[in-house]
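Naming follows writing order (A, B, C, D and E), and every chain is counted from residue 1.
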Amino acid sequence: MSAIQVERVWKEYGDQIVIEDISFEIERRGFLMLVGPSGCGKTTFLRMLLGEEAPTRGTILIDGKPLAAEPDCDRGVVFQRYSVFPHLTALGNVMLGAELSQALLLGKLFGAKRRAVEEEARALLDQVGLAGAEAKYPAAMSGGMQQRLALAQALMRRPKILLLDEPFGALDPGIRADIQALMQRLWNETDLTVVMVTHDLSEAFRLGTRILAFERSRNRPEERERYGATIAKDIAIWPPRIAGGSKRFNRSGRDDPAKTGASSGRPEVQAS
Amino acid sequence: MSAIQVERVWKEYGDQIVIEDISFEIERRGFLMLVGPSGCGKTTFLRMLLGEEAPTRGTILIDGKPLAAEPDCDRGVVFQRYSVFPHLTALGNVMLGAELSQALLLGKLFGAKRRAVEEEARALLDQVGLAGAEAKYPAAMSGGMQQRLALAQALMRRPKILLLDEPFGALDPGIRADIQALMQRLWNETDLTVVMVTHDLSEAFRLGTRILAFERSRNRPEERERYGATIAKDIAIWPPRIAGGSKRFNRSGRDDPAKTGASSGRPEVQAS
Amino acid sequence: MRLLNVKPTRGQAVILAALPFALTCAAYLLFSHLRLAENPNDKLLPAVGGMVQMVTDLAFHPDPRTGDYTFWVDTAASLQRLFIALSISTIAALVIGIVMGLLPLAGALLNPYVAVISMAPPLALLPILFIVMGLGETSKITLIVIGTFPLLVRDLALRVSELPREQFLKAQTLGASTWQIALRVVLPQMLPRLVDALRLQLGPAWLFLIAAEAIASDSGLGYRIFLVRRYLAMDIILPYVAWITLLAFLADAALRWLQARAFPWFAVARAS
Amino acid sequence: MRLLNVKPTRGQAVILAALPFALTCAAYLLFSHLRLAENPNDKLLPAVGGMVQMVTDLAFHPDPRTGDYTFWVDTAASLQRLFIALSISTIAALVIGIVMGLLPLAGALLNPYVAVISMAPPLALLPILFIVMGLGETSKITLIVIGTFPLLVRDLALRVSELPREQFLKAQTLGASTWQIALRVVLPQMLPRLVDALRLQLGPAWLFLIAAEAIASDSGLGYRIFLVRRYLAMDIILPYVAWITLLAFLADAALRWLQARAFPWFAVARAS
Amino acid sequence: KKSFKVAWSIYVGWMPWGYAADNGIVKKWADKYGISIDVKQFNDYVESINQYTAGAYDSVTITNMDALSIPSAGGVDTTAMIVGDFSNGNDAVILKDKTRLADIKGQKVNLVEFSVSHYLLARALESAGMSEKDVKVVNTSDSDMAAAYKTPDVTAVVTWNPIVLEILKSRDAHKVFDSSQIPGEIMDLMAVNTQTLKDNPAFGKALVGIWYDTLKLMLSNTPEGKAARESMAKASGTDLAGFEAQLKTTRLFATPKEAAAFTRSKDIAATMNHVREFLFAKALLGKEAKSADAVGIELADKTVLGDAKNVKLRFDPSFMLLAAQHKL
């Protein structure tokens, strides 16, 4: 069964049609790249997948079930900016997901429970190359470190689907390459279906299993409002890239006897 | 004679030595790229060239004369951000330099003088690919457009030296390539010596005539304060790149009979 | 659905917005009715009819003794004082704030003094004020100026110093003198911020106006309120308070409108 | 050198800062001397010796009637009122502001009402307040609360709605409920902003305190000033005004210190 | 009803109330009648009257004129139970650099509008054959009157003590008219809500008891008396000398007998007639008032001035008489 099925989805804001009759499916553990010119509705589409916006017409199914009407912990997300909480340290940011699920009233854990979660979060920070930066606040981190942190934070809740809106768009090229490698490794090692918006075609080809290009078929000013974006190209990467080619990623490291090996494949991290 | 001579320059902030005994010369119409790790003093060095900061020891000569103690219109500058004035339209931003030099009291021109300056500014905006955006405020422009505008604004005063501090660091790769091409063309067509700081080595090799790499020779924490950055590498690009290989650029277009040809070499501009 | 995702429709929003106003009115009517049932001459919560009657009398029937339309004479007197005082303090704050923010020498001279002075309670200084200024309009206007000026000037000096340093450097590379920078770079960017600061000071300005009019006056909204307080004429006080509230609200809305209208670039520049 | 590039040294800055204070003192001494030379009984600008004597009496000699140290009793009474009132209005503003800013329904219900209410002049409402609340501490505290709460709550609601939407979405993908978002995402980010808002309201709070104490009280700094005002006892009024200024200044400094201390992440997050 | 609230404001003729509250005299009398009395000090006289009028207090210190124009005109039936004193020079018209009342013509006069100062001015002008049209009245807060006088553009003020004494310290200040020229017309009362008094005569008795106990102590030539006066001086923000200077211009009725006799004198009718005419002319007797008769005033002999169906102010010497007869 497909992880995500999009069936004849339209999105309109008032009179303006942004997305026009889009249908496609994403298989489980796929890595879908959305590309297209600025303003064509990529972010809008991602927001529908997130549950922040509802389609005007059409349906979106996740694992065969209709999408929840609001964001939940099935779908993780990383934006270009503002994806981490400035008032929490790196460790606090990563722990937050677990704390919220285990402490319904206060959203904060204490004692043994907290220590368990903290250990898990430290391991995850280590996986994304942020070992040593646990006590830093996001404002004291470079853009690349913040995005690594955002990924770790999102993965803590073990989402089935990860939505990324130009997550590396604001990073310098060198740092960008590193974090792309990290992203690919995380996708390989976890049970994730990824949908990622990007402006950078080379990034799309480097990471994706499939590339969808959105485009407005008619783009004259007087038509712009009346016609939305459709899928202009649908490219499957060849040779097919398959997730989990390398060893499965295990976050807590507790039930994996070979845990020291798990992080050995980690590329050198450059904290900028 | 060299355009810029740097002689045994040191810069200290209190106890911290940032730049340690740097000497080199830049020939006229050179395109010097400064690279080096974050925090090694590239911006500090550029600020000394600008006249914002004075060296603690050593001298900097411009065309053989000591550098003025504060910024002036001999040296233009473009920063990564905040290089244009948000309260002026694109046209207003470009005209500003001329208005300031011609109207000492009000800094604003009226009537015929204004029309002459406006014409010049429009031509310059056209050269940097901003024709049509004259009435836009910077906030309504993309990052790439803002940096084009900043270049045009700086060139309006015909500086001898142009200082650039990671001017394209915040731009998307596609847009970056376009504006790099623009920069190269402007350097070819005007009588400019350029000093540019960048994080991006490929950019350095693509544009520069020479690359200086700053580095702290000793970088252990306890030494960091006591030793500043020196020149670790000094690479001349091979084969030598020479400015003005293509036709000379003429801003006002008034004293150049072949003015229509001047802009034909302009690459396609993508307004993001 | 999470409560924070529940958005009222347009119609619901209108109803919700009206609700607290309606409740306030209903509460007034109820308590007024109860008190009047007990003592028909009760002055504390007069019947609405009585208040309307009173306001009509004051607004549309000339005072038999002076021939003035009391309500409008009061309004005009108060608004005039407010307008003159706020004009003086805004203009003074603009000039001095720019000087303090732009020139390090002026900042060093005045910043600490203004910081201390702005903490002094103006009401307690009234006796001295009277003796220096006399009891006429001057002292009322001076009280408002003293009450609003220090905060305005502090705010503006802070805003000037928050302008990116890059702008001053850029202006200098365009050949600008200090005076030209103040005039063409700082002043136009301060005007919309001044509107913000002024909006914040409207409340205090009304307060000082009322306080000054309460002490010595022969017309004005504050004068009337304090005069009739002598015989607990709530049928005048309450409509006057409502009228002051309305005027303050309108002044605030007018300033917002002016800001959006006169400084189209500001809304976007501020948001980013 | 341009005036805006001239920076005072550390020592010069201290001298410059002291200058206006010294001038103020000198002016006082001069005018006081002139007036006293003309009329040794003049009360308006008493000699410094007299004021010191008076304050020493009030502060260090118990009042024969009550055995209290008037100066300290007044200070304690005023500070206590201020503290209780500001605690109430801050806590209430925090809770209601977060609810208004976070829940669209609450915002629709309360935003317009608070916007109008915050424009009402609290001083004009004093008579009603005293009648409803009685004349004890309650009414004085209520006046301060009424005077500061609407602006605090508006400010906070605005700040909550200025938080990037991304944060709320991210929190939801981490499984947070509305309550958890309020508690773990919004509240901690509002606390440092609350300090800013509170600092702005300190001035008005003092004003309302003095006004309330002037009407019905038997101790407090404002009470004393109004009591002796009938006798034009400037030898008490002036030291009291100076003391209030100092207290207000210290309170402001303490809040800034608290903010920097308790919310280390905020300074950087705010700057960016 | 067992607990009662009394509002008093800072004024020379009312300072005993504060002293009585601080020194257990109030408690002594309240305990005697098994009630509790809360005596509350106001800095702002008008506020104390407003509180009383709105029903928050059972009793208030007030002048005869304000009693008629504020609570009575506001429908609150009020009884003047203690006539404590009348102003005998405490209120004055002061001119700067001029020495005759007639010089006031054409000047701006700073005073608290609609207060007894305003009334005094009206009476002064009347005595000199002028009317309010001959001057221009500028409302000025009493607490700032002393400072206002120091400013050049203020040339005429009408005010009361201690401000009068303060202003007269200036060499250019001349008192051209004062309340001693209209003796007995500005009375300082302790007024009680008539209904409350009727239902709780014990409250009235306690108040009278407190008042004359305190007066006796304060006016005695003993060290205790001096200490009491010193304490009152301090509470009103001045020293003993200043306070005694104010007492000099206050005709304090030391005994209940004197006070009751004054209350029952025929002069009261004439005074109240002046007062109500003045208030009516200023439209202070209520919007609906068609004449000065609108609000009825019951005098000590039960005769009624004005509308007998709308009696809202009563002069009642009965409690003072009880005290005089030692029947408390």
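A few remarks follow.
Here is the rule we go by: a residue touches a chain if its C-beta (ideal position, glycine included) is under 8 Å from a C-beta of that chain, and two chains touch if they have at least 3 such contacts.
Just so you know, these numbers come straight off a predicted model, no measurement behind them.
Shared contact partners of chain A and chain E, listed by label, are C, D.
Counting contacting C-beta pairs between every two chains, the top pair is C-D.
Put simply, the C-alpha centre of chain B and that of chain D have 48 angstrom between them. Each chain gets a centre from the mean of its Cα atoms; for chain D and chain E, those two points are 37 Å apart. Separating the CA-averaged centres of chain C and chain E is a span of 38 Å. Touching two or more other chains at once are residues 2, 44, 127-128, 131, 172, 177, 229, 232 of chain C. Annotation for chain A: residues 70 touch two or more other chains. Residue positions of chain E touching 2 or more other chains, listed in rising order: 50, 54, 144, 146-147, 150.
Listed in rising order, the residues of chain C touching chain A in the complex are 1-2, 5.
Across the complex, chain E is touched by residues 39-44, 50, 54, 126-128, 130-131, 133-136, 214-218, 223, 226-227, 229-232 of chain C.
Across the complex, chain C is touched by residues 2-4, 6-8, 12-13, 16-17, 19-21, 44, 102-105, 108-113, 115-125, 127-128, 131, 151, 168, 172, 177-178, 181, 200, 202-204, 206-207, 210-211, 222, 225, 229, 232, 234, 237, 240-241, 244-246, 248-249, 252 of chain D. Across the complex, chain D meets chain A through its residues 164, 166-167, 169-177, 180, 183-185, 188-189, 263-266, 268-269, 272.
For chain B in complex with chain D, the touching residues are 69-70.
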